[in-house]
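Following this line, the structures themselves.
Look for chain A in each of the two complexes below; its partner is chain B in the first and chain C in the second.
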Partner chain A sequence: MAPRIGVFICRCGINIAAYVDVPKVVEYAKTLPGVAYAEENMYTCSSDGLNKIKEAIKKHNLDRVVVASCTPRTHEPLFQATCEEAGVNKYLFEMANIRDQCSWVHMREPEKATKKAKDLIRMAVAKAALLEPDDEPEIDVIPSTLVIGGGVSGMRAALSVADQGFDVTIVEKEPALGGKLRGFDSLFPHKQKASEVLEPLIEKVTTHPRIRVLTESRLKSVYGFIGNFDIGVETGKGVETLKVGTIIVAVGAEVLKPRGLYLYGEDPRVVTQSELEQLLHTGSVNAEKIVMIQCSGSRSAERPYCSRICCNEAVKNALNVTEKGKEVYILYRDLQTYGIHYSRLEQEAKRKGIRFLKYQADKPPTITAEPNGLKVSVYSPTVNETVEVTANMLVLSTPLVPVSDAKELSQMLKVPLDSNGFFMEAHVKLRPIDFATDGIFVCGTAHSPKDIGESVAQALGVASRASIPMAKKRVRTAAIMSQVDQTRCSGCGTCIDVCPYNALRKNEKGLAETIAAVCKGCGVCGATCPEKAITMHHFTDEQIQAQGLAALEED
Partner chain B sequence: MSEYEPKLVGFLCNWCSYAGADLAGVSRFQYPTNLRVIRVMCSGRVHPAHILEAFKDGADGVLVAGCHIPTDCHYISGNFKAQRRVAMVKKLMEQLGIEPERLRLEWISAAEGDKFAKTIREMTEDLKKLGPSPVAKVLKEAD
Partner chain C sequence: MKPVLVIGGGIAGIQASLDLADRGTKVHLVERTPSIGGVMAQLDKTFPTMDCSICILAPKMIECYRHPNITIHTQSEVVGLEGSVGDFNVKVLEHPRSVDSAKCTGCGLCSEKCPVKKPSTFQAGLGQRKAIYLAFPQAVPLIATIDREACLWFTKGVCRTCEKVCPSKAVDYEQKENVVELNVSSVIAATGFEQYNPKDIGEYGYGRYKNVLTALEFERLVCASGPTGGVLNRPSDGKVSHNIVFIQCVGSRTQTTGYPYCSSSCCMYATKEAVLIKEHEPSSHVTIFYMDLKTFGKGFQGFVDRAQSHWGVNYIRGRPGEIREDPVTKSLTILYENTEVGKVERVDADMVVLCTAAVPHRDNGKLAAVLGVPLDGYGFFEVGDPVSAPVETGKPGVYVCGSCHGPRDIPESVAEASATAAKAAEDAARAEVGQ
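Up next, the complex of A and B:
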C-alpha cells in the first residue's frame, strides 16, 4: 500500500518564517511522492499545533508524519507522543530540521534557505516513506543517583532524591561540602547568616542514611544510558566505580578574579565582592569610604552576559557596611535589582544614603593608587561631568564564570555548554532543567548565575525529574536496534567482534543474533556486516540511501 | 551564470555533531547553505557504501562527523570505526579517481557550534576550488 504522509511545517513564529518562505515550502511538500497532506502551523509544538496533527491524521487517513521545524533532539519525543495518541506508531514519524540547521544559520540568504528547507523536507519524506513501526523494549532503572557537586544546589537535590527513598552519591572535588556558600557572610534579601543555612543542610546530608559523600573526588568516566550509567570516580584512594540510574550536574560556578582590572591583584585595597564577604565574615573591614564597581569583567566583549546576582550582592553588602558607619558609592551601568525583595532592598539602600552613580561602558572609571586612598574618577552621564571620590577600599562586582573543568565534564557527560561556557539545558522553556540526553539533569549556577533561592528551586526540580524514572523502575528504550537476518548471516562473527556492548552472540546454528536488551543501537555492526544481513531499525541502509538520494535531487 | 554551488552531504552522529550543528543554529553562527544533513545515531553507523552512494548520486563532498576521540563517543568506540572506514574510503576514492579531499572526517562536540559552522564554511570553500565532482561526468560517459 502506498504511504500516506502528512507534512506539518512550522513557522516557529518568526524563527523560521522570517527566513524561509513557508507557504511556498508547503505547496512544494504537497507535490512530493507519498505526501497526502501538508499544512503550515504558527507553532507546531503548541497544543493547537499538536491537535492539528491529530485531526489531520484522522481526517486524511495519514499513516506517517513529518514535522519540519526545529531539532529532533528536543522535539521528536513530543511529536512522537502526538502520533501515538492518534494511533500512528512513533517510529512512523520523521523530522526535518529547518530551524536550527537552516533558518537560523542562513539568516542573510532567504532564497537559498527556502531551497534548503524544501530539500530537507524532501529527504525527510523519502525516509518517512520507508519507515516501519517498531515496539520498544523496557529496561530496569538502577534506583540510585549521582550528584556532581556538593554545594547548596547539589546538597538540596541530593536530600530531596534521598528523601524519596533512592540512594544518592555526592561527588565533591573540594575537601568539604558547601560550595561557594562557604565564603559568604550573609544572604540577601533577609540578611540571614550563610552558616545558618549551610550548617543544618550539611548536617542533614552527611547523616542521611541514603546519601554517600565522596569529597576530594572527581568524575573520571561516564558510560551508559538512562537507567544504567557506569561512573568512574577518582577518590584519592583510587578509582571507584558506581552504577546509577540518573545523574544531576550541580557543579556550580566560580567567581571571576579579574587580575589587572581596576588595579585588582596590584593594590591590596582592591577586592571582589566575595572577598568583601569574607572580610565581613571575619569582621575586618577597616575602610571608611568604599566604592563598588558593577559589571567588573562582565557585559564586556569577552564576557557578554549579565551575571544576574551582582547588583543584589552589592546592595546587600553596601547596606551591611553602611550599618557599620561606612560611606558607600555604587558605580553601575544598569542597576538590575530584580523582583520584589531586591527592589525593596535597593530603595532601602537609597534611603540610607548609599550613593548610586551611573557610568558608561565606553567610559569606565579610572583608578589611581595614592598613599591616602584610591582615587576613583568616573564620568557621570547624569550630571555630565567627571566625579572624583577618594576611597579606602574598592570592591569589584565580578561575575560568576563557569568552573574550570566545565568543558572536560561536558565532554564526559556528552552534554552541551552554551557560548558563555555554562551547562546548557535541553530547552529554555520546555525542558529547563533537563539535558537533551535522557537521565541527566542540571541545576544551580552550573547552568547560569543565579541566587540561592533560584538554585534551590532548580535543585528541587531536578530531584523530581531524576526520581521519575527511578520511581517507575523501568524505562522504555528506543527500538533503534540491530536485527540479524538469519537467512543472510554467514556466521563470520565480525559483528560480534565490533559490538562495544557484547550485544550480539552466536546462536545454536552458529549464526549471529542480537540481544535486544543489551543493544544500544549505534549501528556499528550494521556498517560492518559483509553479508548485509543486519538491519538497523529506524536507520536502515535503504532509509539512509533514500535520504542521500533525495538530498541530491534537483527540485 | 550563477556561481557554482557544491553539493555537500553530511553524516552527523546524533549525540555530538548533530547537537553541535544545532548549537551553531542556537548561536546564530552563519554558514553556507550547501550542506544537507543525514542524522545517524553514531558515526560508526556510516557504511563505506553510504559515502560512495552519496558520491554516485551526485555529491561533490561528504562530511562524516562524530564525537571526539578517544573518549567522547556515546557508543564507546564508534568514532574509531568511522576513522578507519573513512581512511579506507579515501584510499578507494584515490583509486577511483575522486579527489580524497572531497571526503572529510571531523570530530565536533555538542559544545562546538563554532567548529561546526567553520567546518562547513571551509568545506564549501575547498569544494568550490575543486570544482564539480568527477563522478557525475564519469557516470554520464558510462551511460
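Up next, the complex of A and C:
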C-alpha cells in the first residue's frame, strides 16, 4: 500500500516564516511522492498545532507524519506522542529541522533558505515513506538503588529513597560515613556544630531497615541498564555483587592543596581554609593577625572556574576568629556572597570590622616569610595603592576539585565529566541532576562546588528522580537499536570491539547479538560491520540512502 | 494515593508536578496567570549555554498539559487550607476567563478583532495585547481570556465583537468564579519572585527616560518573538541601539531599598544579554557596571571569560551615580566614579539596562497566611533550616522550591523542585504504611 504522508510546516512565529516562504514550501510539499496532505502552522508545537496534526491524521487517513520545524532534540518526543495519540506508531514520524539548520543560518538569503527548506522536507519525506513501525519493549525495574558515596549528599539521598519505600545500598570508600562534613567546625547560618548535623544523620542511615552501608568499599564494575544494573563492589571481604534499578553518584569533591602557591607547604604558617576549619574545630588557632586569600588556585588558567563556596566559608571563618579577638583581612577578586543568607553574612562581617581588600587577577599578592610573620603585599584597585600587612597566619581559600577517581568512575558508569573534571549533567538548565544515561543521577559536589544546603536539595532531588522508575515498576526501552542478522554475521567480533556501550556480545553460536536495553542506537556497529549484517532500526541503509538521494534531486 | 497540590506554574512548579505525575501521583497545579510557564517563558535565551528559553521550556509545559496525572488550574489561587500532612483540605478559587476552555481552540481571531489595546504583561509592557487575548503564542493552555477591567462589554456594556467573531462560540461573558475543593496529602509552593521596580531610584530616571529599561524589558526587546522581532529599536525613537550600558545591583545590595542581598543571577543574565547584543551586531559597544562579578555557578566563569575575550564585552567595577538624558536626542550619559584614578567619568549610551533586585512576590503574604507558614524579613517564604531541610517550611507536608524563598537560578529551582517531589513522595509512603 502506498504511504499517506502528512507534512506539517511550522512558521515558528517569525523564526522560520520571516526567512522561509512557508506557503510556497507547503505547496511544494504537496507535490512530493507519497504526500497526502500538507499544511502550515503558526506554532506546530502549541496545543492547537498538535490538535491539528491529530485531526489531519484522522481526516486524511495519514499513516506517516513529517514535521518541518525546529530540532528533534527538544521536540521529537512531543510530536511522536501526538502521533501515538492519533493511532500512528511513533516510529512513523520524521522531522526536518528548517529552523536551526535553515532559517536561522540563512537569515540574509531568504530565497536560498526557502530552497533549502524544500530540500530538507524532500529528504524527510523520502525517508518517511520507508519508515516502519517499531515497539519499545517494557522491562521490569529492580526496586533498589545504589548510592556511591557516603557523605552528606549520599546519606540524604539514601535516606529519602528508603523513606519512599525502596532499598538502598551505600558504597563508601572510607572506613566511616560522613565525607567532607567531618572536616567542618560550624555550619552557616545558624552556627550549628557540624557534628550536630552529622551524628544524628549517620545514626538514621545506619539504623534504617532499608539501607545497607558498605564502608571501605569501592565500585569495581557496572554492567546493565536502567532497571537492571549488575554492580560489583570490592569490599574488605572480596567482591560482592548487587542488582539495582538505579544509581546515584554522590562521590563529592576534594579540597585543593596548592603546594608551592603563596608558600603553602613551605611555611607552616600558610594553611588552606579547610585546614583552618580543622584548627577552629580543635580550638587551636594561635595567630593574632590573619590574612585570607580568595581564588587561591581557582578562576585561573589551570582551573577556570569559581568554586562557589570559598568566599562564604572565608567570611564565616573570619567572623568566627574575629569573635576571638583576632584581626582578619580578606583579599578577594569578586566577593561571591550570593543570595539572602550569604549577603547577610557579608554585611555582618563588614560591620564587625573584617577588612576586605580587592586584588586583581593579574597582580596577585606577594608573600615574604619573615621571622616575625608573613609579609603580604598587595595592590588594591579600590584604594589605588599597594597595601602591606604582616600576618601570623595566611589562609588560602582553595577550590574544590574533582575526586581523584572521578575519571575511573565515569568510565565505569559511562557518564561524562565536564572540562573541569566534575560529573556532567544531561542538561545544564533543565536536567541538572540527571545524566544523559537513563537511571543514573548525580548530586552534591560531584556535580560542581556547592554548599551543604544546596547539596542536600540536590540529594533529595535525585531521590525523587531515581525513585520515579522504581515507583512505576517498569520502563520502556528505546526501539532505535541495532539488530544482527544471524544469517550474515561471520562472528568476527568487530562490532563488539567498537561498541562504546558494551551492548553487543557473542551468543552460544559465536555470533554477535545486541543487548536491546543497553544499545543506545549510535550506529557505530552498523557502520563497521564488514558483512553488512547489522541493521539500525529507524536508520536502515535503505532509509538513509533514500534520504541522501533525495538531497541530490532538484525541486 | 492522594493527590499533591503544587502552587505556581513556573519552571519549579512544572518540574515538581512532572516528577510526581511521572511516578503515578495525581497533581493539581494551580497558576495565578492565564498560562503556565512563569518568568522562564519570557526569557530569550538562557545562560551559559544560550539555549532558546521557550524552546526548552515549551515541551515541558505541553508535557504538563498532556499528562494524565496533572490537572492545571489557571487564573486560580489557593484561598483555603485546613488539616495536616496526609490530609489537607484545600480551596482553589478559579477566576473566570469569560471563555469556555472546552470550546476555545486558541485561533486568535477574537484578539485580532478586539478594539481595545492594553500593554502586554508577557512583553513586559513593551508590546500590546487586546482585552481578549492569548497570554503568548506557546501558552498552555492555549485558551483566550478576557481582561474584564479592559473589555468594553464589562466596562461600558458595548461591543461583544469577540462573541460575534468566535468560530467555536467559546466566549462566555456570564462565566462565574468557581471554588474547587481538593483533598491532598502534601503542598508544594513554587510561586516565584518578581523584579524590583526601579522607578524609586530617581537618579537613574527609569519611567522618565524612555531609553532606560529593566533587564526583563530588554529580554523581550532582544527576543525574536518580542515586540520588535528582536531588533534593538530603542523606545524613544525606534533607532537601532549599538551602544548599550548595563547597571548591576539596581535596588539590591543596598540598605536604602530594603533589599540588601545579592540577587544571584543578574551578573550572568546581564552577561548573556550583552553577548546577545554582540551576536546581533558584533560592532556594538556593551559595558556592564558591576560591584562584584558573581560567577559562582557551574560554567559561569567560563561564560564571562568568553564574553570578555571573544565578544569584547566591557566590564567596569562601580555603581554609577547618575544617568542623564539629552533632552533632544534622548540619548543617555552615565556618570560613575573611576576608583582606579579617583575621579568622576562619563560614558554615553543609546540605551541603559537596569539589572534590578529579585524581590518577593507581592502575593506571598496572602498565600503564607492561607498556608500557615512563615515569611522572612524581606517577604520571601522562610525555610527554617537551610542546611538540613532546604525545602521545608517547618509545617509538615508544606514545602517550597525555587525563587519564592530567595533568588536562585533555573537549575537550582529545578533540582529543588525534584527535592519537594521527594518530600511529598515520602509523605505518601508514610501515609501508606499508616505511620
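The working rule: the second predicted complex is superposed on the first by the 358 of 555 C-alpha atoms of A that agree within 3 Å, B and C clash if a C-alpha of one lies under 4 Å from a C-alpha of the other, contacts with A are read in each partner's own complex, and residues count from 1 in each chain.
Criterion: a residue touches a chain if its C-beta (ideal position, glycine included) is under 8 Å from a C-beta of that chain, and two chains touch if they have at least 3 such contacts.
Because the structure is a prediction, the values reported are computed rather than measured.
By the document's definition of touching, neither partner reaches A:N89: not chain B, not chain C. In the superposition on chain A, no contact is made by A:Q278 with either chain B or chain C. In the superposition on chain A, the chain among chain B and chain C reaching more residues of chain A is C.
Contacts of A:V498 after superposition: chain B is touched, whereas chain C is not reached.
In the superposed model, A:I14 lies in contact with chain C only, and not with chain B. In the superposed pair of complexes, A:N392 makes contact with neither chain B nor chain C.
Contacts of chain A with chain B, set against its contacts with chain C after fitting on chain A, overlap at residues 71, 419. Residues 7, 9, 14-16, 18-31, 33, 36-42, 44-50, 53-54, 57-59, 67-68, 71-72, 74-78, 81, 85, 109-111, 113, 117 of chain B touch chain A in their complex.
Chain contact summary for the complex, chain A toward chain B: residues 71-73, 97, 99-102, 104-109, 112-113, 115-116, 119-120, 123, 221, 223, 407, 410-412, 414-417, 419, 424, 436-437, 480, 498, 500-501, 520-524, 526-528, 536, 539, 541, 544-545, 547-549, 551-552.
Within the complex formed with chain A, the residues of chain C that make contact are 11, 15, 19, 22-24, 46, 48-49, 51, 55-60, 62-63, 65-66, 105-107, 137-142, 224-225, 229, 253, 260-262, 264, 292-302, 305, 317, 339-342, 376, 378, 380, 385-391, 406-408, 410-412, 414-423, 425-426, 429-430, 432-433. Chain A makes touch with chain C in their complex at residues 13-15, 18, 42-43, 45-48, 50-51, 70-71, 74-75, 77-78, 81, 160, 163-165, 187-190, 192, 197, 201, 299, 304-306, 308, 311, 334-344, 347, 381-382, 384, 418-419, 422, 427-433, 443, 447-448, 452-454, 456-465, 467-468, 471-472.
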